[in-house]
Each structure stands twice: as C-alpha cells, then as structure tokens.
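Scrolling down, you'll hit the structures one after another.
Here come two complexes built around chain A, the first alongside chain B, the second alongside chain C.
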Partner chain A sequence: MQRFITRRLALTLLVLWGTATIAFVLARVVPSDPAARWVGPRATLEQVEQARKELGLDQPLYVQYYRYMRGLLRGDWGVSIRTHQPVIQDMLGHLPASLELVLASMILALLVGIPLGVASAIKKDRAVDHLGRVLSIGAVSLPPFWLAMILQLVFFKWLGLLPLGRRLETAVRLAHPLREITGLYSLDALVTGNWPVLWDSLLHLALPAVTLASYTIGVVTRMTRSSLLEVLNEDYIRAARSYGLPERVVVLRYALKNAIAPTVTVLALCLAYSLVGTFVIEAVFAWPGLGYYMAQSVIAVDYTAIIGCTVLVAAAYALLNLGVDIVHALLDPRISLG
Partner chain B sequence: MVSEPLLSIRNLRVQLSTDRGLVHAVDLSHLTVGRGETCGLVGETGCGKTMTGLSILGLLPTSAPGTVEGEIWFRGRDLLKRGPAEMRRIRGREISMIFQDPVSSLNPAFTVGEQLARVIRWHRRVGSRAARQAALDMCSLVRLPDPEQVLRRYPHQLSGGMCQRIGIAIALALRPHLLIADEPTTSLDVTIQAQILRLIADLQDRLGTAVLLISHDLGVVAQVCDRVAVMYAGDVVEQGATARVLARPLHPYTQGLLASLPSRGASGRPLPAIPGTVPSLIHPPPGCRFHPRCSLAAPRCSRERPRPRAVGPEQEVACHARGPHEGGDRPDASG
Partner chain C sequence: MHFRRYWAGMLCVTLAGALALGALAGCAKKAAPAAPPAPSKAEVATYVNNSEIIVFWDPSESGSNEIIALNNIYETLLYYNSGTGECDPVLATSFQVSPDGKTWTFDIRKGVKFHCGHAMDANAVKYSIERTKNGGKGASWLWDPVEAISVLDPYKVEFKLKFSSPLDVALAAGYGAHIMCPVCTEAKGHDYLLQGHAFGTGPYMIESWKQAEQELVLTRFPDYWRGWQGKHFDKVVFKTVPEAATRRQILEAGQADFTEMLPYEMVKAMEGNPKIHIEVTPSYQNMLGLINTQKGALKDKRVRQAICYAVPYSDIIQHVMYGYAEQSKGVIPHGLWGHDENLFQYSLDLDKARALLKEAGYGNGGLNLVMTYVAGDENERRAGELVKAKLAELGINLEVRGMPWEAQWDLAKAPKPEDRQDIFVFYWWPDNANPQSYLSRVFMWQEPIHFNLSYYKNPAFDALVQEGIEWAGADRARTIECYRKAQEMIIEDAAAIFFFDQSYVRPMRASFKGFKDNPAYPNVVFFYNTYREGE
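Right, the complex of A and B next:
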C-alpha cells in the first residue's frame, strides 16, 4: 500500500509538471501583452518596458520557463496580472468557498443519488425506476444557469424562503462574528457552535448546492442502478438468497459493496470537475469561488492565475484518482495495490 | 416410498419469458425425494434440472419473469403457496443449495469466514463469538485444513475445491433436511471431484440430510445415489432405484444415454450416439418430447403425452412403448 501511494505520488508530480508546461506554453501563445495589462491602459511606453523587465518578460522563453518552474516548486506561483496579488494567496482565498459548495453538493448527490439508484435497481421497470429515470435524465440535461434561475425565482421571489446569493447575510455576520478556521463557513460555525451563522450559511448554501448537485445526482443514480443490476445477477447473490439471508442484507451489504466502485469513480470525477467548472453557478449566486476567479482571470488574460488554477485542478484530479484507487482496493480485495 | 416422502413435486410447470420467446423450461409430472436419501437428477445441459432445483427454493432468475404452476410438497407444506417471508425461513434452514461454480458463488468482497458466520448469525440469532465458533466447527466438519487461516481468506485466495467445501459448510450449517447440489463437482478437477462427492455422501450419513444431486454425469450419479431420475426436455422420463435403472433402463432415452457412456469393455469401437438434437424448449415437440429422436416412436407418441407408470416396485417410466409387463424383461438396448 505504501509503495503504491509513493509510486502514484511520483507519477502525479510528472503529470503536474506536464500540465504546468502545457499551461505555460498556451499562456505565452495567446496574443496579448501581459506587461501592458500590468501597468494599465494609461501607461507610457517606458512604463510598459519597465514592467516587462520587472515581470521578466524581456528574457528568452526558456529562461522564463525555468524561473516559472523554480517558482512553482518553491511555492511562488507568480503575481496575478489582474489583482497584483500572489496567485497562491488569491486561490487560497477563493478555495474555501468552492470547497464548501462542492462538498455540500457531493454530500447531497450521495444522499439522494445512491438511495435512488438502489431503489431503481430493486424496483426495475416499476414506478420508482421510471421516476428515477426521468429525474436523472432531466437533472443531467438541464443547463445549470437555467436551473439556478428557476430555483431563485421559486425559492427567493415567490416563496421567499431562501436568499438570492452570497455566502452569508451581512447583518448575521456582524451580529455573530465567525471565527474562521477552515474558511468553510458552515463547518466553522458548526465547530465553534455559532448556530445563527450555521443556519444562515446553510440557507445560502442550499440553492447553489442543489444546482451543482443536480448533474451529479443524475449520473450517480444511473451508475448505481446499472452497476447494482449487473451485480444482482451474479451467482453469489443467488447463493446468498438460497441461504435465506434477508433482502436487506443481500442488496445493501452483499450487492452494494460490489456495485459501488463505478459510482465512486464518477463521483470523484464530478468533484474535481466541479472545483472550477462551476463559474456559471458561482456567477449566478455571487459565490466567490475558484470558478468565478478563474473565469475573471481568463477574461483578463491573467496568465499567471490561469496557469495556477490549471495546475491546482490537475493536482485535484490526480489526488482524487489516487483516492479512488485506494477506495477500490478497500472495496474489492481482489485488487492488489503494488 | 413407504412413508410420505420428504419432497414431492407434482405437475410442476415453469415457464420463463425471455427475449426469444416463452421457454417451457420445466414440465415435470412427478419427482420424489425420500428422507435421508440421495436422489440423482440427470439429463443433458439445458433440460431443466437447475430450474427444477431453483423452483424448489423459489429462486427463479429475476432477469426472466416467469410463471410456476403445480405443487412442491415439502414436509407437509406446498412450497409454491408459501409467502416470501416463510420461504426465506425455509431457505438455508430446511432446504439449502450448493452450486456449480463454487468460487463465483461466494461473494468476492467478504472473507469466507464472514459469509459463513453471517448465515449462522442470521438464522440462529447468536452473537459473533458463538457464530465464529460454529463456523470453525463447520470447517472441521467439511474437513478444511487450518480453519482459522481459511476463514480469514477471500474466495479468490482459495482453490475451487476449498470454495466448494465452504459452500457445503454454509449450506449445511443449519442442518437442513434437504440439500440441493447443482453439479457440485463439474467445475472441479477429477481428483477433487471424488473428494467432494465422498464428503457429501459422508456428511449425509452423519447428518441425515436428503440430497437432490443434479448432474449431467451418470457416472457420478451411479457412485453416490440411492435413486435416480432421468430428465429430458423438462420432464422426468424415468426414475427408480439407481441399481435397477442403470442395470435395466426402460426408456429409450435412458438406454441411449447409458449406451453413449464410454465403458471399459467396449474400447476401439465408436460410441453410439442418440440421433438428433435436444429440442428447443420454446417450441417443444407435441406428445412425448423425445419422439423425434426415438427409435420406437409410434404415431401415438407424437399425439399423446405418456404418463409415468410403475414398472416393478422400484422403477417408473413415461413411455408408450413400455408397459407394466415389461418390468421384468431385459429390453433391447442395442439402440
């Protein structure tokens, strides 16, 4: 197990190096002058030249590449052209909001998707199955911005139950100051026992989390259903029934443990994708997450921020896949990690 | 069959709807298994033996919805009229089953010890320690070497023979009255086959369990069975005491089956085969299902289904060409 993780981590570094290189090259071939953007529209030619020197853009490409890579390794990911802040600091500032949203939507996807998938498989071709099919195909095919606005219309405008956007109500935040530990407001509030903030943050989380979860719920439901149906046809399931074991043990223990692996895989992929793939949802709900940050960086051709986000996402994918492989090995003893 | 038999199947009809049409998988006029006896159910692959076994347990495949009609009497109850909850109590506790592929019949994601102990815990409502002890006892009963070690293993870490011993241990853990053994040795090496057969026979003696041994191998059946039932295209065509049926087969199909076995005396000559092929169970032939391949077929055979008749005290045959008067004769088996 240890050898496997070490080897996979080494492989991950290789992937990250490749990603950083490709991102570096792509950011350089885009027809845009970072130095001009750095000093702003009203700068003189001298100021632009000065900025070019400061940013190291006057050096040959391989020197720039060398400096960039050295910086990545040392934790200096460059300074954002747009915000003039270190990229690392910018990303760490936006990460907790993203993580809170993504984790909430994953928990939602697990709590809804897996039971719905199991129910659809057991009651194949019955009402639950049809309902599950309609729900999941709908959830996968609805455009998130549309779903987001419909939810806002219903729950904010008509019912007045949930807030329109943002992470906390300013009044609540001022009345009950939150001691930030992780930056995930709901989690911090829970840990520090700050109940008004916890409630308010959950209210704010509800709509964006549901919007983000809808796609994952659809995929998880269908995946769990098909995988479970396949396993339910296995010899050992018939054998377990022949021993007189109750259906609940047969399905939820014997079958599900064998059927859940593909679900874990898609869940991890959805999670990694959601980290930055959510800028539409973040924009609609004014949610200051990584996706929003990256979208703004792209518009501003902020190449240091773009490379930074790209490397971060690649790292998230690589680590989540490593996690998936470990979970697979825990689920199925026939997989040996070596 | 002096006292009431343990298991008595009457007019069992199993139909399964598949993509290719309605399959008349089983159309069995009658089959009995006495207390503590070993009854062999032989026939070619696909003749409905396994379906018969699964219908007894009420476990027909869920992938092909079907209908089951008739009566399956077991210890004074008709199993086909029991509810799912009662069938669940009967399964494992009174009737259990071992399967053709011992490795794939064990759950790959749990150790064999967990699987054995779970069945014991569920049925006997005992704690994990008691279940573990009972599991160890079962292991020594099925003669597994080093049970402590074996119980910690996963199925893929054990050989087919060891997995089948575990399968037998699970099936017999609750001391059922009837064990349905569906080709228990087919996927095993020949040497292991003999060991497993001896183990089943031995445990049957010790525990008094009746065994319905499903097999396509007449040799296996001849070795261990008290009685034998020969199945063809969904129905039992002949049944009786093994010694009697094998020595004096009356149904033309049984005769053909026996004649096509390689025997020591007849080396050098090609083995006789039954002409024709096994009929489709989607459109089974009318009348006697064997008549298209039968050398004795008469016009009546394609119209009228022969009913099983007793020929002598320990033999029954379903054939128009064989009357009760033929019970003592040596029929023409040159076929």
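Right, the complex of A and C next:
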C-alpha cells in the first residue's frame, strides 16, 4: 500500500508539472496583454511598458516559464493580474467557500441519492422506481442556473424563507464577529459556539447546496440503482436469501457494500469537478468560491490565476482519485494496491 | 473492521448532515424572527456592485472600481460641481491662479484630521500629490504638468506648472488626487495599504474588508471635519453581486439601497415599482465607432462619410438604449465644458450615402468591412447589427465581430493597417472633468498606437489640440475654441461614428435620499450626503 501511494504521488507530481506547462502555454498564446490589463484600460503607453518590465513580460517566453515554474515550486504562484494579490492568497481566500458548498452538497447527495437509488433497485419497475427515474433524470437535465433562479424566486421572493445569496448577512457578521479557523463558516461557528452565525450560514448555504447537489443526486441515484441491481442478481445474494436472511440485511449489508464502489468513484469525480465547475451557481448566488474566482480570471485573461486554479484542480482530481482507489481497496478485498 | 469503521463514519456524517438540514428545513419559517439583533436598517446603507469593489487599495495607484468606495474614505482639495462647471472647496478653502495659468496657490482647510488622528496640512498635500506623481501608476499622468510643489506655510501650498493647465479640475479628480496621511502612509507602507487599510480624511473609515467576498464595511469617522449633524448613515456596506437578476431582487427586497449596471429591460420593468426610484443623469461617457482611416476604401473620406450617413442613430437610441442616451454632437459629450451644440451632426440619409459612395467609385458597394466590439456588451452588438442592416442596403457587407477586450485591442494594434479592423466600437469617458482626453488620447497621432484607433493623422488637428491643452489653465475660452475647430475636423473627416452620449441609469430604493449623480465621479455615491427617509 505504501509503495502504491508513493508511486501514485510521484505520478501526480508529473501530472501537475504537465498541467502547469500546458496551462502556461495556453494562457500565454491567447491574444492578450497582461501588462495592459495590470495597469488598467486607461493607462498610458509608458505605464504599460513599465508594467511589462516589472512583471518580467519583456523576457523571452522560456525565461518567463522557467521563472514561473521555479516560483511554483517555492510556493510563489505569482500575482493575479486582475486582483493584484498573490494568487495563492486569492485561492486560499476562495477555497473555503467552495469547500463548504461542495461538502454540503455532497452530504445532501449521499442522503438523498443513495436511499433513492436503493429504493429504486429493490422496487424495480414499481412506483418508487419510476419516481426515482423522473427525479434523477430531471435533476441531471435541469440547467443549474435555471434551477438556482427558480429556487431564489420561490424561497426568497415568494416565501421569504431563505436568503438570496452570499455566505452571511453583513448585519450578522458585524453583530457576531466570527473567529475563523477553517474558513468554513458553518463549521467555524459550530466549533466556536457562535450560534447566530451558524444559523445564518446554514440558511445561506441551503439554496446553493441544493442546486449544486441536484446533478450529483441524479447521478448517484442512477449509479446506485444500476450497480445494486447487478449485484442483486449475483449467486451469493441468492444464497444469502436462501439462508433466510432478512431482506434488509441482504440488501444493505451484502449487496450495497459491493455495489457502492462505482458510486464512490462518481462522487469523487463530482467533488473535484464541483470545486471549480460551480461558477454558474456561484455567480447566481454571489457565492465567493473558486469557481467564481476562476471564471472571473478567465474573462480577464488573468494567466497567473488561470494556471494556479488549473494546477489546484488537477491536484484535487489526482488526489481524490488516489483516495478513491484506496477506498475501493478497503471496500473490496479482491482489489490489491501494489 | 475497516468496513465497520467506514460505515460508522459515514453514519456519523449522514446523521450530522441530517440534523443540520433537518433543523434548517424545519425551522426555516422561523428564520426572520430568530435573526440576531442587527444595526437599525435606518443606519446602514448598502451599495451592490456588479464587479470588484476594490482592485487598488493604494490611492496613488487607483484607476478602477475602487473610486466608488475610496471617495468616501479619502478626500480631494476640490470637488467638481457638474451643475455649475466650477470646482467647489473641500480640503482647500480657496485658491488663486496667476494670469499665465502656471502658478496655483491653495489655502488648506484647518482643523481637518486623518482617520489615524494626525492633522491634515499643506505638507500632506505636497506629499500625497508627489507620491502619486512619482509612483507613475494609476492616474499619475494627471500631474504631468506639475513642475514643483512648495509648502508656503503650514496651510498654504503652491503648484508651479510647466505649462498652463486646469489644475483645479485635476485636483478634483475622482482618482489620483486623494490626500493621505504622510506619517502613517510612510510608516506602514504600500503593502499595508493593500491589505485593506486607509489613512484618509473622508467621512467614513474602514471597519472590515473581506477580500474573497468583496465585502467592504465603512463606519462613521467621529472626528470628520464637517460634523455629523443632520441625517447621515452610520455605516456603509459595499458588496459584489455579479448576476444582474440577483442584484435586482436584492434591491426590490430592500436589502440594498443602490445598484448599477442593470440591463435596461430590467430597469424599464422596475419603473412601475413605487419602492424603486430610477435616477437618470447624462453622463460623460459616449460610444464611438472609430473608422480605420488608413485601410483600403476607408482611406477615402467620402466612404467614411457615407458610413456615418448610414447609421440609424434614432433607432439605436430608442431600441438599443431604451431612450437612455442622446445622439452625440462631436466627441465631447453634452454637459462637459468644450461641448458645442452647434457642431454638425450626421443623420440617417441613405440617398446621401449612396451619392458619396458613387462619387468615391463604390456606387455598387461591394465592400466587406469588419466592426469589432467587446464580446458580451449587448448595446454594442445590437447597435452593430442595426448598422449592418443599413449598410447592406448600400451593398456593403459588415461583419459585426465580438471579441474579448484584449483581443479587440490587440487586433487594433496589429503592425499592418490592413490587418486591423475597419470600425472599432468602444466607450470613452474622461478621468477627470477635462475634455482633453477625448481629443488628445483618441485622435491625436501617436506612435506606437495606443488609443488612436482611427489611426487619424492630421498635423493641423494635433496643433489645435496641443494649443488648447496649453491654454486650458489660463484661458479656457481659447481652449474651447481650439477644441471646437478640432472637432469640426474629425467630423468633416468622418474619423469616427459618434453614436451617442450615454445616460447613467441608477436604480435605488425610493427611500434612499440625498443622492446626486455627478458624471465627473462615475458610479460614486458620496454617502455623507445621503440618508434614509420614509421606509
């Protein structure tokens, strides 16, 4: 296991180097002038030239690449052309918001998707299965920005139950200052016992989390259903049933355990994708996560931020896949990591 | 064993989630009454912006959205009054200018404190302007005419200029002219400012700043020199909400007092809402279609004039701008000194356009032109489509091409004129209440090309503009006359399509009072003047 993890981590580094290189080249070949962006659209020619020197953009591309990669290794990911702040600081500032949203949506997806998938499988072609099919296909098909706006309309405008967007009400933040530990407001509020902030952060989390979870719920439901149906037709399940074991034990203890592996894989991929793939949802809910940051960076051709986010997402994908492989091995003794 | 632990963990996570979400769902209806005590609604004003609140915290580098907030934190010596066209005193109580317009002396207000507690005086003025000028960033070019700044006594400062220039207008600029505490700025340094700190004299000081969330909270500066008698907000909150539909809902729900950059369709839809007030003010921003004067058939000014006669100005104003604009007369917009109501204005006249094309040898059209605009700007795109339809009637094929700003600008700066676009659509607005940049930065010859994207080269024009610039401080009437003649040249030469002067359209709560839009300070709300009434 240890050898496997070491080898995979080494491969991950290779992947990250390749990703950073491709991102660097792509970000620099698109027509743009980072120096002009740095000083703003109304700058004089002299200011643009001065900025070009300051940013090292007057150097050949290979020199810029060498400097960038050297900085990357030392933890200096460059300064954002758009925000003028260190990229690493920007990303760390936006990461907790994304993590909070993604984790909340994953919990929702697990809570709804797996039970619905199990129910659909054991009640195949019955009303529950049909309902599950409609719900999951609907959840996957609905464009997230549309669902987000409908939820806002219903829960904010019509019912007045939930806030429209952002992470906390300013008034709550001012009245009850939160001691930030992880940057995940709900978790920090829970740990520090700041109940008004906990309550407010959960209210703000509800609509974006449901919107983000909808796609994952659909995928998890269908995946759980199909793999469980496959397992339920296996001989050992028939054998378990013939021993007279209760159906609940057969399904949950013997079948689901073996059927869950593909769902875990899908969940991990959804988790990694959600880190930056949520920009539409984040834009509608003014949720200051990584997706929003990356979308703004792409629009501004902010190449340092684009590379930074790309490397971060590649790292997330690689590490989550590694995690999934380890979980697979734990779930299924037939899989060996070596 | 591993499995048990795994499932036990999963169960815990699920239970915790279920508890949290169950509480959320079950108690959501109680949300409003259970909300914690908050500062009274009457005391907090909220400004919702569509993009970053702050890019440059250092007032010497400022040149972007941050002027909205910084003008409430910092102050300038003077304030440009768009109603009178004069500069009103702020941190300066009065000023004198020499007859040649090269020496300006300012009396500095006594008893003004910075947020850090230090006193503001002539030294602070000298330090602030020199810091911005020497930094070479942001609007530092405002101080190009300044040769030397001298402190005559603690409350009197003198500016010596290289040539006569309207220094009063520069000192009233929304960026590049803020006065900061020299002691604290020097002691703490530039990087400290970037973390969200400021040492200004303005009515509000920083209470909190969340960079990632782009949320800035300002609170009253108790020692503000104007005092706090009368109605004022205690705190001002600036937030970023990029999605227009969300900004509209927030405003309609009363969770924001002021927003901007809403699509005109949305603004029209809100006009009937009694809780919303729409303030419309002519701005200094105009939309130009710079015509490539160095490429193919467009080298012939008759072809360019024909294009200007083929633009459906009224349709663009009515159907694209929903009436929130006025057709331009020349390049200096309505309301700004230098604007001339008597200048010639092109109008839609296809017969005249045909005659001009025929005279130029393009009677059957047969031209293929490219008009570029910033992708995502629906006003530019729609205007382009209307022009395309009219040009098609003349046998001219116009491609309306949306591009990211950087790519659009890069194409415009391609080394060979024939590789560049034919018409470059963009907006121009001044950095201060001075019309100079409309002429000098957009139409004066420059090498390499920067913003003269008509590639207009006319030494007589350049000489007139230069003369106007050099007399602006001593003899404004002479400058205006120079600018009038210069504008006549570019209109006659049809160096650009002068589409329209845009109006600022500001949706706000009807209860939000005291706001007066000033086009010299785009998008800025001077919150000290505002208050809430009737909600």
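Note that the second predicted complex is superposed on the first by the 338 of 338 C-alpha atoms of A that agree within 3 Å, B and C clash if a C-alpha of one lies under 4 Å from a C-alpha of the other, contacts with A are read in each partner's own complex, and residues count from 1 in each chain.
One rule holds in what follows: a residue touches a chain if its C-beta (ideal position, glycine included) is under 8 Å from a C-beta of that chain, and two chains touch if they have at least 3 such contacts.
Note that the coordinates shown come from a computational prediction; the quantities given were computed from them, not determined experimentally.
The superposed arrangement places chain B and chain C next to each other on chain A without a clash.
By the document's definition of touching, neither partner reaches A:130: not chain B, not chain C. Once the two structures are overlaid on chain A, chain A sits at the apex of an angle of 160° toward chain B and chain C, using CA centres and rounding to a multiple of 10.
Shared-chain residue A:257: touches chain B and chain C both. Contacts of A:33 after superposition: chain C is touched, whereas chain B is not reached. Judged by the touch definition given at the top, the superposed model places A:283 against chain C, while chain B stays out of reach. For chain A, the partner touching the most residues, choosing from chain B and chain C, is C. In the superposition on chain A, A:202 contacts chain C only, with no contact to chain B.
Of the two partner chains placed around the shared chain by superposition, chain B and chain C are both touched by A:331. By the touch criterion stated above, A:249 is placed in contact with chain B alone, chain C being left untouched.
Taken over all C-alpha pairs, chain B and chain C come no nearer than 9 Å in the superposed arrangement.
Residues 257, 331 of chain A lie in contact with chain B in one complex and with chain C in the other. If you check the complex, the residues on chain C that touch chain A are 2-3, 6, 10, 13-14, 17-18, 20-21, 23-24, 28-29, 31-32, 34-39, 44, 46, 52, 55-56, 63-64, 136-141, 194, 207-208, 211-215, 217, 235, 237, 239-243, 245-246, 249-250, 253, 255, 404-407, 409-411, 431, 446, 448, 450. Residues of chain A that touch chain B in their complex: 232-236, 238-246, 249, 254, 257-258, 331-334. Residue ranges of chain A in contact with chain C, taken from their complex: 30-33, 36-37, 39-47, 50, 82-85, 90, 93-94, 97, 104, 107-108, 110-111, 149, 152, 156-157, 160-162, 164-167, 169-176, 186, 196, 199-200, 202-203, 206, 257, 283-286, 288, 292-293, 296, 299, 301, 327, 330-331.
Touching chain A in their complex are the following residues of chain B: 54, 57, 59, 61-63, 88-93, 96-97, 99, 101, 104-110, 118-119, 122-123, 154, 156, 167, 170-171, 174.
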